[in-house]
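Below is one structure. I have some questions about it.
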Amino acid sequence: MPTTPTQENDVFRIPIGPQHPALKEPGHFEFTVDGEVVTAATLRLGYVHRGIEKGTEGRNWIQSLYLLERVCGICSHVHATAYCLGVEKLAGVEAPPRAQAIRVLVAELERIHSHMLWLGVAAHEAGFDMLFMYSWRDRETVMNLLEGITGNRVNYSANQLGGVKCDIDGEQADDIRVGLDFLEGRIKHYLDVVSQDTMFLRRTRGIGVMTREDCERMGIVGPTARASGVELDLRVHAPYAAYPEHPVNLVTATAGDLEARFIVRVNELFESIRLIREILDDLPEGDLSVRVPRRIPAGETISRVEAPRGELFYYIKSNRSDMADRVKVRTPTLPNMASVLEIAVGHQLADIPMILTGIDPCFSCNDRMVAINDPSRGEQAWTWEQLRQYGIEYYR
Amino acid sequence: MTTEAILQTGSALIAVWAKETLTPEPNRLDAIIEPDDLLAAVTALRDAHWGYLSTITGVDLGVEAGEFELLYHFCAGAAILTLRVRIPRDQPVVTSIYSVIPSVSFYERELIEMFGITIEGTPNTDRLFLPDDWPQGVYPMRKDFNPADA
Amino acid sequence: MRLGSMWRDALSALVREPATQQYPFERLQAPEHLRSKLHWDLTNCTGCGLCAKDCPSDAIDVIVLDKKARKFVFRYHVDRCTFCSQCVMSCPKKCLEMANDEWELASLTPDDFLVYYGNEEDVETVLAAAASNGADASSTDTE
Amino acid sequence: MSAIAALLIFPGGVFLLLVGMIYEWIDRKLVARFQNRMGPRWFQPLADTIKLLAKEEVVPDGVDARLFFTLPVIALAGAMTAALYVPLVGFEASYSFSGDLIVTVYMLSLLTLGTGLAGANTLNRFSLIGATRTLTQLFSYEAPFLLALLGPAIVADSWQIGEITDYAGDHVWLLVTQPIGFLVALIGLMGKLELPPFDAPEAETEIVAGALTEYSGRGLALFHLGKGVELVIGLTLVAAFYLGGVTHPLIFVAKTLALLSILAGLQALMTRLRIDQTVGLWWRYGALLVLAQFLALIVWEGVM
């Protein structure tokens, strides 16, 4: 942090990020404030230079799956699902029904995990640590379930090209049911809290309002858009995997403020729980995977899935080799991020972390296009000493 | 409305400018458009409230082909309508559609940084993704950029 | 509208065990399907190297000393492994397996992250070769 | 000799610092248990203090170094001095004169004032905003808090802490006769200590650590110790005035801990207020209510 304040023409700028307690990942916002009121905002991304899109061009189809799964640490499974569905479409194969059902099951468990994580983070930003601690405690239940099914707590690697790796036996199904029963009770309680608690509502009601028109103009997706009444959920409107057999009910709200975003996300949890129960009761028998050729026929495809944060867009192009020619990922956070810059203006500085969290931002998701290598230096990667030296020079 | 019907409506809207339309998958429609007609086609879709712009994909067709292809993906429900624009690699210039769809800003800035495409008329060209000390004129998503031996 | 709507949680927490634990003193039971350290079994291995080829993080080297005599050494970089179990899926002969109880893999020395599987004399040959090369064993690429 | 001992060792000085740390630990532990966490172990505040004292103190560019070093000392000294006039741990106050209540209340404000000035002294943007908020908040709770402490003074007909305590011990608990005053005093104490929901001045998700963002090492340790001391003094005052006096160490511990658990509960259950909401709450409700009660008391005294 440079210690001299930026005060040009009586403008007082507050930097939020790249390192800041409100941001769980690096991004850089600059808010111009007048007293406590924000008058302008700018954004700078790219602090997580990871070069994932470029990276897929140098890896085989199987290796790329795991690279893409790491676009996001929270919603890793939907990335893998989108990629697998796309590659399977290109290869002309289809994963067996049981695999598709397990994909959806893991995806919905992941949605529960992601939304509960968000609920905690958002409550923490508002200074309501009680809700934060409890929602994260209960999120542990779903983390344990995911660990029990897939073997990993994050980046589950449940998918493989052509199907899934993990099966669900009777005992696991019972564990999931028990866990869901517990979670359902707790989530009811949280819905009560976010829609009833006077002190909390003072921080959410009427804050960060986006109308339906705003959302459509800015291209907002996911629960953020649904909280403003936009009817857009790919699980409903463009069902994939096992969603055609297990239809989803659309959850929307109309107020478009932070409270509505809380209510939409919490209500989606009930929908996820219902869906998981339905799948467990009606899990198709059969194989877990089919063989996918190592070389994928030439062609291009678009694969869209509904991530916990909204529409996830994959464009995959193959030129009949064992590597992808181009993989383009458009994560839901990127369009949503633009909304923060716009609706922040006019709000109190204290509301900014809440508004930012309201879209459930995932910075790592945005920053996936750049290689860490600096070609002008002619080195592949930096040594620890170089990195340290660079850090020292940078802040001198 | 069925996906096919939605696609047909979209196809009719841009029929004037489409040099060729393809249906690679049942829910997709690709229309090849001249760079000069892009703004008009996007305006037509926008005015008719046909779906929303999901993203812009830049594809480098390789040094030999000497072209970039820009794909403007519009989505409406399950239907995806893609406007395909080809621009020469040695003079990559395309008109901004910011005036019609302001939310396009991030995608256009991504194209500028990753492919070195000049977007005429986009208001904000500040660096968004690349580090501040990234060298000028190096575009990581071009095919001739090789992270390993650069 | 209510004030302090979480008071019931607060009170019941006073008589309940805390949800957090002091890790090194108390350990949770790992689930049955947990993916932890990779294990290799020489018996059926043909040295095809598919596991190494599909590994997304370069954590596996299959060193072929003598294909006919089926002398293979399996070098596993624990620190690079992401525990995705793609190698287990890729192996046509089912030689690979992920343990479910060896999950405390942190170490103070990098040496602990390099695991060799194979016949003892073969491993020694590989180690000796690496030592005579002078380079650190992890950077030699053999397939 | 005894004066120096009182100031440095008992009941002020080292003893008070230790009590402050113990109370801080109890507060943290209680909040943790309310949140179903384990919470820190008993020596955590002491360990934190030792660690901070041993750490390098970074002096940022552009600050007045003398002010930077003296402000934490003044803040802690203010709180420690205030302790001399308060019946700590059930013992009689070391010093006493008529009107010491006012001196004590203003000594306690030194800590907040010191924090605010410390923030304004640095050029850090978070510190500046934190300092503004700290001082804004000071102006909002200070008057109601003082009025709430003056209520007992009016009925006891004395502005001397010792005499008010004696009065409170001999009569029905003032909590019963002046409930509004009790509430305002307790909540004012939370504002004074910047505990949630009044922690906008140091809201970490907005302005990192508020006014103290640039402080590290010794300065930070002193401010923290000051907070601990102020917590104990504040609890003592409220317990002495409203809960029927603190005449015995055991009674002291019981009453202050009861108050502390209420504080911890409120901290856990409340969402942080924005600074404008804090100010609005105090002036719209806190000040008016306590003023009404205060007027009623004066009239009542006059009639009697």
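In this document, chain identifiers A, B, C and D correspond to the written order of the chains, with residue numbering beginning at 1 in each.
Please note the rule applied: contacts are C-beta pairs under 8 Å (C-beta built on N, C-alpha and C of every residue); 3 or more make two chains touch, one makes a residue touch a chain.
For clarity, every value in this text was computed on a predicted model and none was experimentally measured.
Looking at chain C and chain D, the chains that touch each of them are A.
Here A-B and A-D are compared, and the pair linked by more C-beta contacts is A-B.
Chain A and chain B, compared by their mean Cα positions, are separated by 24 Å.
The mean-CA centres of chain B and chain C are about 43 angstrom from one another, to the nearest whole unit. Computed centre separation for the pair chain A/chain C is 27 angstrom, with centres defined by C-alpha atoms. Annotation for chain D: residues 34-37, 268-270 touch two or more other chains. Across the assembly, chain C contributes 3-6, 9-10, 19 as residues in contact with two or more other chains. In chain A, the positions touching at least two other chains are 130, 134, 137, 197, 199-200.
Taken together, the touching pairs give a contact graph of some other shape, not a line, ring, star or complete one. Every pair of chains in contact is given here: A-B, A-C, A-D, C-D. For chain A in complex with chain B, the residues that touch the partner chain are 42-46, 49, 51, 53-55, 57-58, 89, 216-219, 237-238, 299-302, 304, 311, 313, 315, 317, 325-326, 328, 330, 334-335, 337-338, 366-367, 369-371, 373-376, 378, 380. Across the complex, chain D meets chain A through its residues 34-37, 60-62, 122-126, 128-129, 196-197, 199-200, 203-208, 214, 268-277. Within the complex, the chain B residues that touch chain A are 24-25, 27-28, 52-55, 57-60, 71, 73, 75, 77-78, 80, 82, 101-103, 105-107, 110, 114, 126-131, 133-135, 138, 140-141, 143, 145, 147-148, 150.
Chain contact summary for the complex, chain C toward chain D: residues 3-7, 9-10, 13-14, 16, 18-22.
Of all residues in chain A, only 1, 3-6, 12-15, 20-22, 36, 123-130, 133-134, 137, 197, 199-200, 202-203, 348-353 touch chain D in the complex they form.
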